[in-house]
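Below are structures written as structure tokens.
Two complexes are shown next, each including chain A; its partner changes from chain B in the first to chain C in the second.
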Partner chain A sequence: MRRFGLRRLDQYLVVFIVAVSLNFMLPRLMPGNPLALLAGVDVGLMTPDERAEVIRQVGLDAPLVSQFFDYWRAVLTGDLGFSYRSGRPIGEMIGERLPWTLLITGASLVISAFFGIIIGAFSAWRRGKKSDLTLLTGMIGLQSLPSFWLGMLLISVFAVQLGWLPSFGAVTPASDLTGLAHVRDIAEHAVLPIATLTVLSIPGVYLTMRYSMLEVLGDDFIRTARAKGASESRILFGHVARNAIAPVVTFLAIRFAFAFGGSVIIETVFSYPGLGRLVFEAVSRRDYPVMQAAFLVFTVAVLLANLLADLLYPILDPRMREQ
Partner chain B sequence: MSSSATTRRPGKTKSATLADRLGWVGAAIVTALVVMAIAAPWLAPYDPTERVGTPFLPPSADHLLGTNDVGQDLLSELIYGARVSLTVGIVAAIVALVLGTTIGILAGYYPKRLGSFLMRGVDVVLTLPFLPLLIILAAYLGRSLINTILVIGVLIWAGPARVIRSQVLSLRSREYVLASRTMGAPDRWAIVRHVLPRTALLATGTFVRAVSTAILLEAALSFLGLGDPIQKSWGSILFWAQARGAFLTPAWKWWVLPPGLMIMAASLGFALIAFAMEERINPRL
Partner chain C sequence: MLRRWNLPILLVSLALIAGACGDSDPEASTTTAAGGTTAPTVAGATDAPTTTAPPSADPVTVRAAITGGEDTLNPYTYISGFPGWNLLMMQYDSLMQLDSAGIPQPWLAESVTSNADLTEFTLTIVQGATWHDGQPLTVNDVKFTFDYFIDNATGRFSRDLRGVESVTVSGNDVVVGLAAPNPAFDLVALADIPILPQHVWEGIATPGDQTFDISTNVGSGPYMLTDYQEDQSYRLKANPDYFRGAPAVDELVVIVFADDAGALAAIRSGEVDVIFERVSPEQIDLLDAQDPLDISQGPEFTTQMINFDVSKRPFDDLAVRKAIDLAVDRQDIVDTVFLGAATIGSPGWVHPDKPVYNPAVAGVHDTAAAIAMLEGAGYLDSDGDGIREFDGQPMSFEMLTNSSDSLRLRISELISEMLAEVGIEVTVASVETATWEQAVWPDFDIANGRNYEMAAWGWSAPVQANTIRIAELVHSDGGIGFLNLTGFGHPDVDTISAALLTEADSATSTSLIMDLQVLIAEQVPFVLLAYPDGAYVYNSEVYADWEFIAGQGIVSKVSLLPPGARP
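Moving on, here comes the complex of A and B:
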């Protein structure tokens, strides 16, 4: 039933339309005055004249349909509006934050893919043996770890008790480091967030790889390979793992999208100045326009990740290409 | 080593006993937590909302896990926290189960127009960035137990709906369903009499899995300060631990470690039961 390639584009379009419409509707549907949600001012303290002025500025006096179209025009032209706490253009704020989130989610994805695939392949190869069952049980346990708690513990142990790594931020404040020292500083700050995200991502990669391997192990061409006398390691890496990898890539794309959204929690724990932390700050300051804009960026990131997986799948799985 | 890949049977039975054993471990954990939640007033040494000691006390005979930033007993907070976690987890999973089963059955039984429309909705919900949406909805709706439950429930039904739909889709073309339809029975009859009972086990499995997910999500929302401000949950204990920097002091051992272990135990307990059930229904090991 799976459809691949660009044929799922229409579905992604629907998701985008739903996300934008949700953004438009939420502040207008909530109980109370939408003005407070859209303009973020203490509406109660204003005189009726001031209030009317703000309503006109925000465009709440226009008919709903034309508000809707104005909103779409703004989104499509990349106009994300202004934060009403700092007054800065939101696009600029997001541009500053995005690289940090990409750094930690991207790095953790690569590392967890590496370990998840190897351990998953090993586990499937040892299917039903003690090592397989122990790994499987351990991975199920890891899936129940609360992400923020793991982050807090890593800070307590590695940053506070042992003092090996910094506990917050992405760079040492006011240090003016340059060149290699600067890179090293960034790397040291990124270790713990990346480690947290990696530990959380490995079980999913592992389980996908293991199940996918088990399916392939039952296929006829593996028996053929064995019959023609191929060595065990050649069967494992040349035949089984190669054919089992495609579903893992799809999973990784979904996982990337999930980790990207999960950065809201991880970056809050580590006070890491990425997009997730921006969402948390916006939520606690009731800065609704920033919250909404960040949600749109998350949506676009998810869609791009899915699209990439759809395009990669036929390349990785030759059986799909032939059909 | 060389035979392990091709001989499937012995492995299957071994894995099956593992799944069963893990299922029982899960059941034991869940039972213990339910007892703790119900018996909280008798088990807890203090009222968790009362200031019963000096703030920031380390563990002592009077306060086994010390006190928090306003002098409330941390052990009592921990015991009462089971109530919020389990309530939110179970009720949110019920919301998800009702939505997921209804939509899954309708989509599976009427696969053409209604089904493809509903499944499109499922795809959209599954593709939207999950956690940011959860947080934004919670922020707009405001902090209360009911809102936490609703927000989690309406976001986690899509996975179960998809699983149930594929089951119903295959049941739909079985002889007994076709027979009852040929004899003029209304769809309602076929669904209630034939489809629903054979979907119940699968639905229960997805329900238990949803409880496990919902417990983690409640903890995350409370940790971000989006939970009910009046109800103390494990997530909100960690919110205050974070806000007061407890994890930067030795207090992490009694203030940060225990609530996280409880969240993990609760989520894992249900996950293990779900794992055992899924292996029974559809052995994939």
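Moving on, here comes the complex of A and C:
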């Protein structure tokens, strides 16, 4: 057990080193550079000397190797640096964006997990029947919806046609709302992004739950449970669902990691000020430090989520404990 | 099972996240260049509204949508040439201000005079203008601004002031001495540069290293920035003490959208009142049909063109460039892509609404003539595959375009079809904006060469607005022709375009521009396809008094001032 734990820790370390190094390389491998961002839109009007000075000021003229070591030093000391675009500390920028992202991705994760697991369990229980096939077809259909299209459809119906909900942003700009009215404003703005994300996430949970259930349903101990006269609901929830939940937890853990990345597309469609949009802006303008910092956050989130899944697995499934 | 899958899942997850990030397209905002506008009694804006919202005691708030943030909106932080510069100038004033015809009129400088050879400009600064913090605006602020931009490089304003040799103060006058005559100085510099308060900026030694918050946004303009939420919104309050009189709109809230679809949905749902970006042609009728939305539309000076690398075979051959020019049906592009909302491109570069336009240079669409020209120059299809050959290779080229501009993509597809008819194969490659820019204009310095064969390209309004800037596009010396992205060079073009830059006499200047248009149309350094119209959508119940500045659109402080305070 201990030997195994160490090996797994090694594995995480290797992945961390490789991923964090890639985070440095990725922005630099992309065509283009942050010159326009640093020098402003009229960079074409600058003299070559002025341009060189701009590059020198941020240290991009240094050899790549020394930039790489500086980068690692910053990563290890927890220094996320400053944005080329705004000059602001990136930690502060991420701190502003992350709550918005977690609000919509977190809420949709919880809601989609709830419905996905229940519907998935129901569907598997009714396997091969009409209700199962209808659900299965419907879910596969949902899963293939393009997310931007669904987002725009919801905006079109609920914001433009019906006028019930705001179509963009996290709060009403310049509204001076406080207290409960402010909370209500935030909630109203979050409804459509959360709904979009939820609808798109349910099929994944559903399919994982359903297949996992079907696997368990074929196992001997279910037949035993039936034979000893356990009620159907006890078999479903006490035996099958409990045993089928482990892969779903892994799936949700990975989803949770993705939640930190936000959804570039959903946050763009709804002009939502989350982390996904920060990354979108950073990538399109080649704001290297922000790209690196955001990728680092994703890397750490994915690793932690996996670690969490690894730790939860033996708790959920006693058979995993003694391997 | 979980264990075995762990590593691949991790790596795949990370790759997916990185991949999702790579899909993005920025707004094409960097294809611009410095400013000002020349001349023109331009045929005015078309259906700019004539009605004013009924006067009422209620404060008027206008919520405007933009696409993409503009940072803290000071002269060193704003991002795009349009609408970033336009929003910047809501807070600041220039010495001169464009009127609705696009002609600079006295503004902070109540009079502007120059000597006969246009090397010295005397500016009399208006009395009674104040900064947002209540301090008076003086000649010293003006001199400080000139010195500051010369000492602390910005792409735009420092460029405007290159050639300034001396700035002296005498009483209420600022006298600017130039190294060489600059007939466009009023347009490129005086109507472009925001005047800064000395008492705020003298403490900022190196603006390039500075992290700005909005506390430095002290201007003299009609609006004061009171709140800024990154990538969300700007809140601009009217300056009641504005030297031209209080603005007609009491509060301007600028909302940052991530894409234009979001802005369109928001104006249709009534959540914003105007969009400070051009709406695409197919949206114009749709939006205009919805009450209370209206459209303000007029000709603008942005351009859509084809660039080719003239230094490479076979584009170094005039016959090939001319054949491409002949094969292109400009009318079809205006009709199909712009649904008529554009002016047909002149092969001589100059917009037909400009007084210096030479009507003798009209684009000709003649596929047969294009084929004859290619045949005559020896470009034959020897293997019968429908594609001609040059130097033993097929005339098969890649045309780069930026994926964020769907109109440009459609233009490229049409061009591909048009050139196929004359035996030239064009494959359209739609890439992300930064990639496209890096290929066409590596590091924004033409000394770095070119990494493309053909590209769909365009310049922002200021390049066209000031006609003498034509030299920047076609002169073979990179010091003068620093926007010459096609690597074009021709001795006669060099001579005339360089002469134009310093010609003080306007009749001679006009005649030089006329000649140059003929020469450019003959030599085809690029193919100018169209000048798209500007079309802006606004809610006429909230505010209807938008002023369309010819060639520049409605996004300016002029639109928000009461009629009596406009230039």
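Here is the rule we go by: the second predicted complex is superposed on the first by the 267 of 323 C-alpha atoms of A that agree within 3 Å, B and C clash if a C-alpha of one lies under 4 Å from a C-alpha of the other, contacts with A are read in each partner's own complex, and residues count from 1 in each chain.
Here is the rule we use: a residue touches a chain if its C-beta (ideal position, glycine included) is under 8 Å from a C-beta of that chain, and two chains touch if they have at least 3 such contacts.
For clarity, every value in this text was computed on a predicted model and none was experimentally measured.
Contact with both chain B and chain C is seen for A:280 once the two complexes are overlaid on the shared chain. Look at A:303: by the touch rule set out above, it reaches both chain B and chain C. Shared-chain residue A:186: touches no atom of chain B or chain C. Of the two partner chains placed by superposition, chain B and chain C are both touched by A:167. After overlaying the two complexes on the shared chain, residue contacts for A:15 are found with chain B and with chain C alike. In the superposition on chain A, A:102 makes contact with neither chain B nor chain C.
Of the two partner chains, chain B and chain C are each touched by A:257. Legend: residue contacts after superposition of the two complexes on their common chain; A:217 is shown touching chain B, with no touch to chain C.
In the superposed model, A:295 lies in contact with both chain B and chain C. Common to the chain B-facing and chain C-facing surfaces of chain A are residues 11, 15, 19, 22, 26, 30, 152, 155-156, 160, 167, 257-258, 261, 264-265, 268-269, 279-280, 283-284, 286, 291, 294-295, 298-299, 302-303, 306.
Those residues of chain A that touch chain C in the complex are listed here as 8, 11, 15, 19, 22, 26, 30-33, 35-36, 39-46, 48, 50-51, 53-54, 57, 82, 85-88, 93, 96, 152, 155-156, 159-160, 163, 166-171, 173-174, 250, 254, 257-258, 261, 264-265, 267-273, 277-281, 283-286, 291, 294-295, 298-299, 302-303, 306, 309-310, 313, 320.
By the touch rule above, chain C contacts chain A in their complex via residues 2-3, 6-7, 9-11, 13-14, 17-18, 20-26, 29-30, 32-34, 61, 63, 68-69, 71-72, 76-81, 84, 153-156, 158-159, 208-212, 227, 229-233, 235, 251, 253, 255-259, 261-262, 265-266, 268-271, 431-435, 437-439, 441, 443-445, 447, 482-483. Residues 11-12, 14-15, 18-19, 22, 26-27, 30, 37, 125-129, 133, 136-137, 140-141, 143-150, 152-153, 155-156, 160, 167, 211, 214, 217-218, 222-223, 226, 232, 240, 257-258, 260-262, 264-265, 268-269, 279-280, 283-284, 286, 288, 291-292, 294-295, 298-299, 301-303, 306 of chain A are the ones touching chain B in the complex. Listing the residues of chain B that touch chain A in their complex gives 1-2, 4-6, 8, 10-12, 14-15, 18, 22, 120, 123-124, 127-133, 135-137, 139-141, 212, 216, 219-220, 223-226, 235, 238, 241-242, 247-249, 252, 256-257, 259-260, 263-264, 267-268, 271-272, 275, 284-285.
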